[in-house]
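Pasting the structures in now, so scroll down.
Consider the two complexes below, in which chain A is the common component and chain B and chain C are the respective partners.
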Partner chain A sequence: MTAAPQKAKAGAEKIEVEVSAVVPLNDLVTRFEFKRRDGAAFPPFSAGAHTVVEMQDAGRTRLNPYSLMSDPADQSIYAISVRRDDEGRGGSLFMHRNVKVGDAMTITYPVNLFPLDLRGRKHVFLAGGIGITPFMAMIAHLERMGGAWELHYACRSKALGSYADELSSRHPNKVHVYYDDQKQAIALEDLLDGQPLGTHVYVCGPQGMIRWVHETAQTHGWPDENVHSEEFLAPQPGKPFEVRLCKSDMVIQVGEHESLLEAMERCGVDAPFLCRGGACGQCETDVVEADGEFIHRDHWLDDDEHASGKKIMPCVSRFVGKALVLDR
Partner chain B sequence: MTLQFNTETFRDDYSFRNSDRAIKRFPFPFHEDSYMYSVNMEQHRGGPAGSVFEMRFDVDEHYVSEMQDRALVLAEDPLRCQSLPHMTLAGWDTLELIMVSKSEDYPDLFELHRDGDRWRWINKPMGIDHSFTFLDETTLPCGPLEYITRQAQGDFAVLDQRGEMLYMDAGMVTTQADWSLDFDIGMDFFEWHAPVPLAHEMGIFKRALKFLLNIQQGAPARRLNWTMTVNPLLDTSPENYHKWGVQKTTLTPENIGAKQHLRVELQTFYRLPRSNALLFPIRCYLIAFQDLVSIPKWGRRLHRVVRDLPDELATYKGFIDNRPKMLEYLGRFDDGLPTSPGVWPDLDTEPPLQR
Partner chain C sequence: MSKFKFPESIRSRPVYGTLEPRSGKGHLMIADAEGAEALLDLAAQDAELFHAAHIIFIPKGTGETFVEKLRSRQPAILHVAPSYESSIPRIRRVLSDAHMGLQVYLAGTEGLMGQAQNEAMNAGIPHTAIQTEHRGSVARRMQCVHCKGITEDVMTDPFVCSHCGLNLFVRDHYSRRLAAFQGVRVDAEDPGNVPEPVELYK
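Coming up: the complex of A and B.
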């Protein structure tokens, strides 16, 4: 339109931060707090937003999304809580083992793929384990704005119930905690049954829990648009494969423990991305040619698109076969 | 630079004028000698010094008069500003964005002093000095969206984002190119764009929606759009079509240069941080044909664009009946010489009219 066409940069805008606190909450979860290195205030954010944290791990750049769990009204800090995943690809382990107070890090501007529906007359939050984090920000927001809410929080045990005590003592009438090891469980059907018209339900937790909530709500006649969920997928390891990128005119190898997106970035290809968890759609890539089988793991493409073999989300999906050519 | 604000009208005697400076910085929308739809988005991160792209919200010589015209429109028709109940937070987001941007970009004209939620806003051109509590509606004379957009040029659509769709759930619309907020309120993106010809078939709106849904905080975008307006009218609304539509029949070869205006919209797009809504400011710039052709490159190019535009587009933009008269006038400023690429006037390098 005006001058030379500008190429959009991959990923959201970045913020240079310093780690201002590292607070272990229990055996698995640690909270990390950030201050801005330039001393300015953080941008306000909407509850439910995440940030992508850039980790420099021995010459390798790791980019992991984490929900912002601090009070959105507090522009002096951003905080995330990270659950250590001993079986994962190493991002959470790096955070737990290597990140210390005073470290310089880079995070992105907030991106919200799990917003509150502000039309909601009441908001019911269903959290499983580390899925509590976005609700911390949502609760702070609704408390400030005078919105109606309640939380049902399932965790393994009292010892692993991050923030359960804090939330219960602050909001004794709105917070309900369920401990697996005491055989307590959310009575979902009763809960959904008793809600006033205009209630929205939000679930964040393991895949099975998310499916359970969606299916139960649907069976009980809830409109789909009143049931919200967020699940970040971590890329799964898989067999190495080779890809030809036509626009970049190169052939790259995707290793066992890296995603297709990460392999492109390692080879200097400026591929678009945002959430890196199969949800936002930014990295959607056209397939030019494929002789083999796709392992689609994203939430973005629909079943028909998955079956068509014409598109792939390189942040989480993989390929097994003879040849794959992408329009990138 | 100290801005001199014009005393002018956009109705009745139409005393609106562009200064030489305003003519040279006009956002001419055609980067080549022809026009077809495109999503044509770019990042909104400043632009050449003095251009309308430089600041987040451009303030120009028409500011005070445009705000007076808005007040007149609202006095007659309060429904030009609406905000569905869930959009109040987005209204505060809008107020914050505009106050912060203007006080930083034009410190000689606007000041914002913040002490926690206690804010003091000073708007010198409009003579406003107001203290209020952020997020407390009772401390403003009207809702936050109406309050701040009575002090900001251009229309504002505030779009709620739910489930991969945008909804026109709030706005301030008094300088529009023939669309109505009162009619569109609550509609989704495809519904409010339904009247646009050709673009649906071209898949423009699907791509545009996808782009807009992914506009992120800290990374605003912009594009230009355009149409034609007879007389420098800001309020070309469907509600008032009976007043302005008939004026399209008043063009003569003698008055067309002064009466016929190219109307350009600088559209920007911001992700609002607290509400996650999308703010869509639509800023209208008007220029009379006789002023536009004082830039030789623009005179040549506008003639070619108007001449070659598909009939559907000339109809949709409302000037198919006046096209022959426009071409007769503009043809005098097209000597057939090639034009330089891009939208800028290029006064130093483009030759004067060769006739």
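Coming up: the complex of A and C.
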């Protein structure tokens, strides 16, 4: 379910915004705040939702998902926090280098792939680095509702702990910050032990951290339904390859530094998407014919589907081989 | 043999599995009558897990048949209750004291498993994480959709509502919230035209 109205084109419905503030938090992370250009109120969003930010970078359209971190009850503003990734594909660098207060930008309606389970008796948040962002909105929401929560936030150092001070001073008994450079670490086993029945745990951070939390919770007998995670993948570069799209009746080339989804969009194919990070399942595409190897990187398809060679998620997955024909 | 294979039915109808040992911080087992056999099978698979288990057992018609067998497998606690209703305060107390990582195992009749599952769900455990295994009677706990009264241990279709006296036909339409199947008046259009009752699954 999405908050977006019925859509005629791929992706969630769009909102025209103006950058109302650019707030550097530390060496790596900057907060960007948006106002609507038409002056209307933003649609309300549920905590955990993300928006896809459209960047016009020298003739190239970049679309990156970012968690909304502002207070969901504040419809006058949407805010995201972006960690600069110098090794990445360039979206975060564009945000840091090119985006200024007053710039006109386009973002999508919020889509939530990481919602709170409001049946939960208690919510335990585990954040790694920039993974703190969705929890900012969740904490605001639960504080308003009077919900029970606690946050365990691991970051590299005091200097890079975005929002750590603000959160600790506002909620001194609920926020626990762990600094890698002081050899502090989340004592996961201890903190899973003894949580009341009906507790839900949420993790947002690097892949290793997410796997660690899922596996530890499972060995402690936690139901899968009580462990939630979100990780957006950025498409990885790879060897260029050629794809035949049979519905569109065209042959397209996927370049080294673009994803299959981006290549389709560049060629004018209206391919469905929502998260662009291998999580939401919206871009799932049937394979008609393939002679070669798939490089599956998504979190959507299960292992059997990956092995079957019948489906691909064009937002993050690639192909190496002689021929690939897709039903698109 | 206490096992019965239910025929395929509509989606609403609960499907039961086979209890298996699962790692966890506590183990609560609730069974009635032949459901004890499923617990004994579990004990045979993992004696250590069984030593940590809190068992609530309602013998119903089986009397003493299973009580000593269960006790000989040395569960941490074996509580034998005269009826499901009488065991509810204990079930609630155990759940309210429990922490995440508790595993719940239910075995026996559908009425018992449905009601105990409801208690565990209300305590915050998702129903998909609660293990169930049907054993023994195929009798059903039925709700009359007209008067809302519950009739326990229904063995025939149609049957007479124990509250309002209507003749009800036994549906596979199930309510997880009520832990009951729905019974609908069988002679609504032609009052008095009630088919001969047939034993369930005969």
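To be clear about the criterion, the second predicted complex is superposed on the first by the 320 of 328 C-alpha atoms of A that agree within 3 Å, B and C clash if a C-alpha of one lies under 4 Å from a C-alpha of the other, contacts with A are read in each partner's own complex, and residues count from 1 in each chain.
We adopt the following convention: contacts are C-beta pairs under 8 Å (C-beta built on N, C-alpha and C of every residue); 3 or more make two chains touch, one makes a residue touch a chain.
Since the structure is predicted, the reported quantities are computational estimates derived from the model, not experimental observations.
By the touch criterion defined above, A:72 reaches chain B but does not reach chain C. In the superposition on chain A, contact is made by A:44 with chain B only, not with chain C.
When the two complexes are overlaid on their common chain A, residue A:203 makes contact with neither chain B nor chain C. In the superposed three-chain model, the partner touching more residues of chain A is B, compared with the other of chain B and chain C.
Contacts of A:280 after superposition on the shared chain: chain B is touched, whereas chain C is not.
Of the two partner chains placed by the overlay, chain B and chain C both lie in contact with A:225. In the superposition on chain A, contact of A:194 is made with chain C only, not with chain B. Residues 119, 225 of chain A lie at the contact with chain B in one complex and at the contact with chain C in the other. Of all residues in chain A, only 119-121, 192-199, 219-226 touch chain C in the complex they form. In the complex of the two chains, the chain C residues touching chain A come out as 22-25, 95, 98-103, 123-126, 128-129. Within the complex, the chain A residues that touch chain B are 1-3, 5-6, 8, 12-13, 43-46, 48-49, 72, 109-112, 115, 117-119, 144-145, 225, 274, 280-282. By the touch criterion given at the top, residues 29, 31, 40, 42-43, 47-48, 51, 53, 85-87, 89, 96, 135, 160-163, 210, 214, 216-219, 222-224, 273-276, 342-343 of chain B touch chain A in their complex.
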